[in-house]
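Please find the structures below.
Both complexes shown next keep chain A, but they swap its partner, so chain B is in the first and chain C is in the second.
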Partner chain A sequence: MLSIRDLTVRIGPYQIVSIDELHLTRGRRLGLVGESGSGKTMTAMSIVGLQPREAQITGSITFDGRELVGLTDSQLAAIRGTDIGVIFQDPLRALNPTMRIGKQIGESVRLHSDLRRSAVNARVIDLMTQVQLPEPEQLARRYPHQLSGGQRQRVVIAMAIAARPKLLIADEPTTALDVTVQKGILDLLAQLSEEYEMAMLFVSHSLGVVRKITHDVAVLYGGRVVETGPSSEIIDQPRHRYTEALIGANPGQADPDAIEAALGTPLTTIPGSVPALDAFPSGCRFRDRCAHSLDTCAENPPVTRMSGGHRFTCWNPTHTPVGGELDGAAR
Partner chain B sequence: MIRLIAHRGAVLLASAMAGSIVVFLLLRLLGGDVATVIMGQGGTPEAREALRAELGLDRSWLEQYLSWIGGLFRGDLGQSYAAQYDIFDEIMSRLGLTLSLALISLAVSMVLGIIAGTYSALNSRNARGGLVDVIAQLGIAIPPFWVGLLLISFVSVQMGWLPSGGYVPWTESFTGAVRSLFLPLTALSIALAGVFTRFARSSMLDVLNEDYIRTAMAKGRTWRRAAVRHGVRNAAIPLVTVGTLQLGGLLAGTVVIETVFTLPGLGRMLMAAVTGREALVVQSLAFVIILVILVLNFLMDVAYGLLDPRIRDAEGATRE
Partner chain C sequence: MAPLVDVRDLSFRYGHKQNWVLRSLNLSIERGSAVGVVGESGSGKSTLVRLLCGLLPVGSGSVTYDGRAVTDWLSKDPRQFRLHNQMVFQSPAASLDPRMRIRRSVAEPVRALERRKIGDDELESWLSMVGLGPEALNRYPHQFSGGQLQRVAIARALSVSPTVLYADEPTSALDVSVQAQVLNLLMDLRARLGLTLVIVSHDLAVVSRMCEHILVMRNGEIVESGPTVDVLHSPSSAYTNALTKAASAVSLRPGNVTSAG
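Showing the complex of A and B:
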């Protein structure tokens, strides 16, 4: 349903994103994971033209067979909300502070239907009920600052699903929320996705969250997909050294049940930080921070394809699971 | 909202009272003897004493202050001793003109500024937006009295389209009032509209970076439509502050413009009273002008609350 090929996003002289390929099929949920600055949000926003205005996009993004790169803002606006809904990271900032909640959700409804005012209001209440907001009639008359963080995010979700889109892009939907509220939002998203058979692109820096909610995952580093495949397989048996390091730095996050086990064992960290946009090394972008880098890592790493759509780009991957070396051929 | 109005109304009353005391005391502290000014050096001490008693100047300051304030409420501020007019009636008859000038130019330039500033911000990457900005800066730089003189010489004298001066009250003729006020309002509004345009532009540029513009786009709006629908109101909030700061300058501007267009407003009355050394008139006029600014300030505060629900709540703490 959604295919990204040879996508690059540039801002000025800097290439923020460079993705060779990424696919999302109907009804599936794909996680985009990486540190801050890995280009995951930029990638997600580029799909529907919500990237910063100064960003330049090349390559190909097709949605239901239609090419999205190169469309004008008004052509993309017709797709946004209708076919592709978006949820944002910070629900307080994502809502207009001077407009009542009901009116903001109503705007979403009106843009995709020609209902009369009373029907719009009924649909707003209906949507608010679907995202499990309490006392929708009263909440609809409130302003964003009068709601709790979790309620606000539910409002944003209600706006995104108003037209029952086929794809929902969720950009770190729980990052700005209290831990206690996060679970409720994640459950709601998973439930809505199942109910509406809505595919989801789920951007997150938390492997635990991604493991819980997504079928597949793509790990991004320096704007490139370093490893992608089924979520559980990648989190349990990462092949790329960056994925391995990321999991090591998130004890318990990859598997909530493992928090106990992780207590007492030293927390590993990834040395250094993501370099500035113009300071990535040649070849594998992670090699400066990698504990397992070889001389060959200065060359562009090969793409290794395994069964189940699992693929990674690493010169010195983690030990091969029993059952044989490369399933697919190096490109 | 009611709490906000009550709170701001209380602040208004307190400021007005403080203002009246300051005006009263300042004129007393200046010294000088009103009776001497009126009678000149020729008057006998007995006659001066009698005049002082007649004007109430022999009473204590407190009594004088209370009788002045009381007179204000009763509509009796005494007579101008040089020009022989009733001070209160004169102020009231001139207030309409000055208020018309100040309020209309404030409203017109704010609306113009928001439109031009939004246009400029939405086109900040091309020449059109830059052109608006240049025009706005030019407008700020040109002094209103000069614009007034140019308008008189071209529109009134050469073309004969509109009167070069004089005022027809609203109650007499609506079109007459519009005709007599059009040029002075234009002269007064150009600089102000320029200020509002520049602030609206920068405010809008800030708002364009806000996440809720992106949210509106995600709902299916184009960038431009999202910016207009969700941006303008939010961008207008800081403009209220700018408007409040411009009030003093605006009233000072009306004094000049009233002179240029020979309009019978408070500004010219004040000028005449100051040059004629009519202390009582100056005292009352200064206070009325202070009142006008305070009331406009109050209205701006209310506008703030109307525009931004967060301020309403913060003021009244009505969050349930």
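Showing the complex of A and C:
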């Protein structure tokens, strides 16, 4: 349904994104995960023409067989909200502070349909119920500042799904929320995507969030997809050294059985930090910070393809045994 | 031995007509321990550590540091108190003056609190303690990455050899790969300098890795406290239970991941 091929995004002399291929089929959820500057948001926004004005895009993004690269602003605007919904990190900034909630959702409904006023109101209440907002009739009369952060994000989701889009792009939709609220929003997004067979492109810096909500994941570093495939497989058995390092740097989790053993033990670190746009090395962009880099890493790494759509680009990948003998006595 | 920090019946609000942000808190912090304060936004965790650190005036109730009331410390020996109690904040860029070279920023606490000029040798040793080279001294904040700036902020806090280091969300603004470096640094410094560490975080994983004691806050109250292992293993409050469930739903199980090498 969504296919990205040979996509590059440049701003001035810098190539921000370079993605050879990425696909999303109907009803599937794909995570774009990476640190700041990895190009994840730029990639997602390029799909719907929300990249910065000075950005130059080449390559191909097709959606339902239609080429999106090269469309005019008004053509893209017509696709946004109808076929492709977009939600952002900060719901407060996505809402008009001076307009009642019901009216704002009503605008999204009217924009994409020719319903009469009474039907619009009914549809607003229906949408608010779908995103599980309590007492929708009362809440519809409130202003954004009178809602909690989680409720606001639900309002934004209601507006994004008003036209029953086939694809929802969610850019860090739970990053600004508390962890207990985050869980509710993730559950809601997964449920809506199942119900409407709505595909989802989920941008996040958190591998944990991505594993919870997505089927597939693409790990980005320096604007390139370094590894992609089924989320659970990649997070449990990463092959690319960057994915491995990113998982290792995670502080772990509140698994009651692991706390005592992990307490006070150092985390695995990745040396340095993500370089500036003009400071990435040649070949593998991660090699300067990689503990396993070889001389060959100065050349562009090959693409290794495995079953299940899992592929990665690394000269010296991990050798995670396939089949579960992870903690075997062999070593 | 008496606890280093002792809080009895502490309540606080920002202004007379405002709502209470903290309600009758009781807690104590032992010398040399690492305490994590977790809770959601608005739970009062940042307000609490600002009170302990002497950045907000104690309203009702009492806070003692080393057996003496913090209000007394602050009215009679404010500089002594601040020599013992230092803090680092979430945004290192906001806590360093953009117009000051690192040399001057890091020298500031010693100048203000010890009333002496700190030499380059001493500054360099603090910077090297946090993993930065001497060339950092002549630079300005904008020339550093976020993780490096947080190291600078930590070096500045350490430069007066504090007893307690308060850290309010010290890694929330950092990338995951950099967060690990800063967390390791804090654990390492604690071991080397015998610091008492109080870390505020919304991230249960961070606290459970760093701190053997935990305080869980909600709506200005401590809903649960104790050894981290016990609190997370068998939470006694419904709220802690919900928090651990929500956190583990989006966590990575390290056991499932092989660390090659």
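The rule is short, and it goes like this: the second predicted complex is superposed on the first by the 305 of 331 C-alpha atoms of A that agree within 3 Å, B and C clash if a C-alpha of one lies under 4 Å from a C-alpha of the other, contacts with A are read in each partner's own complex, and residues count from 1 in each chain.
Keep in mind that, in the parts below, a residue touches a chain if its C-beta (ideal position, glycine included) is under 8 Å from a C-beta of that chain, and two chains touch if they have at least 3 such contacts.
Everything numeric here is computed off the predicted structure, so don't read it as measured data.
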item: Touch count on chain A, higher of chain B and chain C; value: C
item: Partner chain in contact with A:Phe88 - chain B first, chain C second, else both or neither; value: first
item: Which of chain B and chain C A:Leu50 touches, first, second, both or neither; value: first
item: Which of chain B and chain C A:Asp236 touches, first, second, both or neither; value: second
item: Touching partner for A:Leu111 - first (chain B), second (chain C), both, neither; value: first
item: Partner chain(s) touched by A:Ala78 [first = chain B, second = chain C, both, neither]; value: first
item: Touched partner set for A:Glu35, first chain B, second chain C, both or neither; value: second
item: Interface residues, chain B side, partner chain A - complex; value: 210-212, 214-225, 229-230, 233-234, 237, 307-310, 313, 319
item: Complex contact set, residues of chain C against chain A; value: 40-41, 145-148, 175-181, 183-184, 187-188, 202-206, 208-210, 212, 228-229, 232-234, 242-261
item: Residue numbers on chain A that touch chain C, as the complex places them; value: 35-36, 149, 178-183, 186, 205-209, 211-212, 235-238, 244-256, 258-260, 262-271, 273-274, 289, 291-292, 318-320, 326
item: Complex interface listing, chain A residues touching chain B; value: 48-50, 53, 73-74, 77-78, 80-82, 85-86, 88, 90, 93-99, 107-108, 111-112, 143, 145-146, 156, 159-160, 162-163
